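Heads up, there are several structures right after this.
Each of the next two complexes has chain A plus one more chain, namely chain B in the first and chain C in the second.
Right, the complex of A and B next:
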């Protein structure tokens, strides 16, 4: 019994250590390919289109729903304290600092991160990565660097679109549910929410982009075992991204301060 | 000297249809996604109805539900603990810092946090996490069986795939989602208290103030848990069953499952929260 518990704890620890180490080594390799920066531009543009432009509808839908939900939850407190002029400020804080970046990162990890893992995993199990190596093409420079850069940049841009959509839907919801005038909502927001709050959200989004890129690329290129292996890798990638997003959220929030 | 045979002349090809105009392109561009979404919703509804039917009338396989409960529940425990633990810390810290900007009094921090935790945070964020973890797992497992033709083998044996593959996961998810979300809420509560204590110097009795938590909030929490627990396996089971084409197909089915389950959670959240506000407001 004790032996099996020790075995399980040790095995789990070694497993996590191996994954963290693998991700760290991959990160170093990607950074080393950026000095001097020689980036495959067509692949970068293709990734930007696939990850950014094609994710825009799902990000906007998520943000619209999120803004509406945020106002419904805030409505209880607003009614209790009769603080109708603070609805815009509350929605602004919550959306630009926390809810916007985190929920958009979760959706981005679900759509783009898992797609990236599946694509790289399929290339591994169909031996396309070996074929690249046989042609003396560096898979890190050709496949991982453009995807990593594209994910970080797309997260930065998508969060801005998402924040705007969530604030607009929040304004409509507070008008429909609480009868708060658009002008009052806007005034409350610009009075209390500072540029630094918005910047905090965008900086966080950049970090989330790094986490999603690292997790999805690592689990994608370390796939083993055919089609079921690809499924398992995608699962592991989204789980690692989600856990990483919340851990980083806490650390970055504390590091950036108020 | 023979005369050179003349080549048979080919009939002139039919003229190409004119390229679609602006209005036609606009109709195609807007109509296609609408039809796609409609098809997806109809497919999910069909799997949901069959799952409900076989939940009562199907052949119960011994131990299948328990196995899935272990897979969905026990194996998500560490993930939910980590995520909800950090959520508790983030929300109490952010809430405290922002509240201090407006009102310097933090006596109601714990009460407001617990109210928000019960009504929304524990169920919504926890369910988003489960949609990611459990949804991807179900779609990957069923999708792998589809592309390796194991599901066709089931059909050859006159067994309904929904009955064998989706129903045990549906029952297991209904139970384990409630358990995991309550557990996640407790974890977020404890880490929230630790943050309030060390960051803002709150006392135990000051933080655990349940005066703002109403029975209607608990009721909304339970309704949300059951709705999410039912939606995640049905949506991801549908995505897994519609996988096609080798390892690429499994990957895309898993991706669709994560996105669609998360969207289902967000839409259910909006509907239940709005209904709850209108009824209990």
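Right, the complex of A and C next:
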């Protein structure tokens, strides 16, 4: 019994160590292909379109609802303490520093990260990666580098769009529910929310982009066991990305401070 | 050479020489190590023991970067076709030309159309691989493997899933191609009858070992029980 528990704990640690080590090695390989930077432009543009442009609608819808829900939740306290001038400040602070980057990262991970893992995993099981190698094409340079760059860049841009959308929907909801006019909402926001707050959210988005790219590429490229293996890899990728997002959120928030 | 995955020996002391400019076939039951063996030829799989010599170079110990030059001399058609699902049929066939040559777009287009016509898929260039039947995918794989006119070509099950008439047409096509270019071809196929009509030499794999290696007439008349049973499709025997 004790032996079995120890075995399972040890096995779990080894498993995690293997995955973290694998991701670290893959990251080094990706960075090494960027020195000097020789990027496959058609693949990068294709990834940017697929991951960024096609994610825009769902990101905007998520952000619009997030901004509106934030105001609905705050409405009770705003009314009770007559803090109407603080609605813009509260919404801006929460959205640009925290909710915007985290929720958009989770949405991005679910849509783009999982798709990336499934696509790479399918390429592994259908021998497409072997076919690239057989054609003297480096799969890291051709597949992983453009996807990683595209995911990081798309996260940065999508969070900016998402922040703007959430703030706009928050303004409309404040006006509709609390009667706060747009000028008061805006004034409250610019008075309290600084450029650094916005930068904090964007910096976080960059880190989240890295973690989603690394997890989705690693689990995709290391698929084993045919089609069922692809399903397991997608699951592992989404879980690892979500965990990574929260861990990094904690670390970056602490590191960047107020 | 030998190769082991986990506890399973997939290649056991295989010693083989593929003569230049000939068509060499590998036969054997499923999971006997045929695909792994052919993948060692272009460095996709590295043996644990022994070496693989291509044009006088031992490629088993080369770095991935060093292998690029070797691999650019190979064309390969995979068992699962390995077509790039995000590219059209024409883009799949053009892929090696775009990556490995300096040909112009117009020259590439002409080559791709010629290949498509040759494998009986004229007019299919704009389709996506997902919309093709199994046999059509095989033919696209053959077109991509041959488009670069590489000196070494490996076909892994080029006729699997095709009807007997189309299979024979593909075998004849591959043989004609080889005669025209003089390249070295290694072919794996479960369609032993069709395969033997186009080979110069044949080898048989069984449980990771090369148990027979010789000319086609030698194989047909072999009294080795496994070879005899497999080639003649007999149900009684050691297999």
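Some points to look at:
Quick note on the criterion: the second predicted complex is superposed on the first by the 258 of 258 C-alpha atoms of A that agree within 3 Å, B and C clash if a C-alpha of one lies under 4 Å from a C-alpha of the other, contacts with A are read in each partner's own complex, and residues count from 1 in each chain.
Criterion: a contact is a pair of C-beta atoms (placed from the backbone, for glycine too) under 8 Å apart; a residue touches a chain by one contact, two chains touch by 3 or more.
Since the structure is predicted, the reported quantities are computational estimates derived from the model, not experimental observations.
Once chain A of one complex is fitted onto chain A of the other, the partner contacts of A:72 are limited to chain B, with no touch recorded for chain C. After overlaying the two complexes on the shared chain, residue contacts for A:246 are found with chain B alone; chain C is out of touch. In the superposed model, A:134 makes contact with chain C only, not with chain B.
In the superposition on chain A, A:122 makes contact with both chain B and chain C. Contacts of A:4 after superposition: neither chain B nor chain C is touched. Once the two structures are overlaid, the count of chain A residues touched is higher for B than for its counterpart among chain B and chain C. Look at A:82: by the touch rule set out above, it reaches neither chain B nor chain C. Common to the chain B and chain C interfaces on chain A are residues 119, 122, 125-126. Here chain C touches chain A in the complex through residues 39, 42, 44, 64, 67-69, 71-72, 74, 76, 78-86, 95-96, 99-100, going by the rule given at the top. Residues 57-58, 61-62, 65-66, 68-69, 72-73, 75-77, 79, 86, 93, 97-98, 103, 106-107, 109-111, 114-115, 117-119, 121-122, 125-126, 177, 192, 226-232, 234-235, 238-239, 242-243, 246-247, 249-250, 253-254, 258 of chain A are the ones touching chain B in the complex. Taken in their complex, chain B has these residues touching chain A: 33, 79, 82-83, 86-87, 89-91, 93-94, 97-98, 101-102, 112, 115-116, 119-120, 124, 128-129, 132-133, 136-137, 139-141, 143-144, 147-148, 246-255, 258-259, 262-263, 266-267, 269-270, 273-274, 277, 281. Remark: chain A residues 46, 119, 122-123, 125-128, 130-131, 133-138 touch chain C in the complex.
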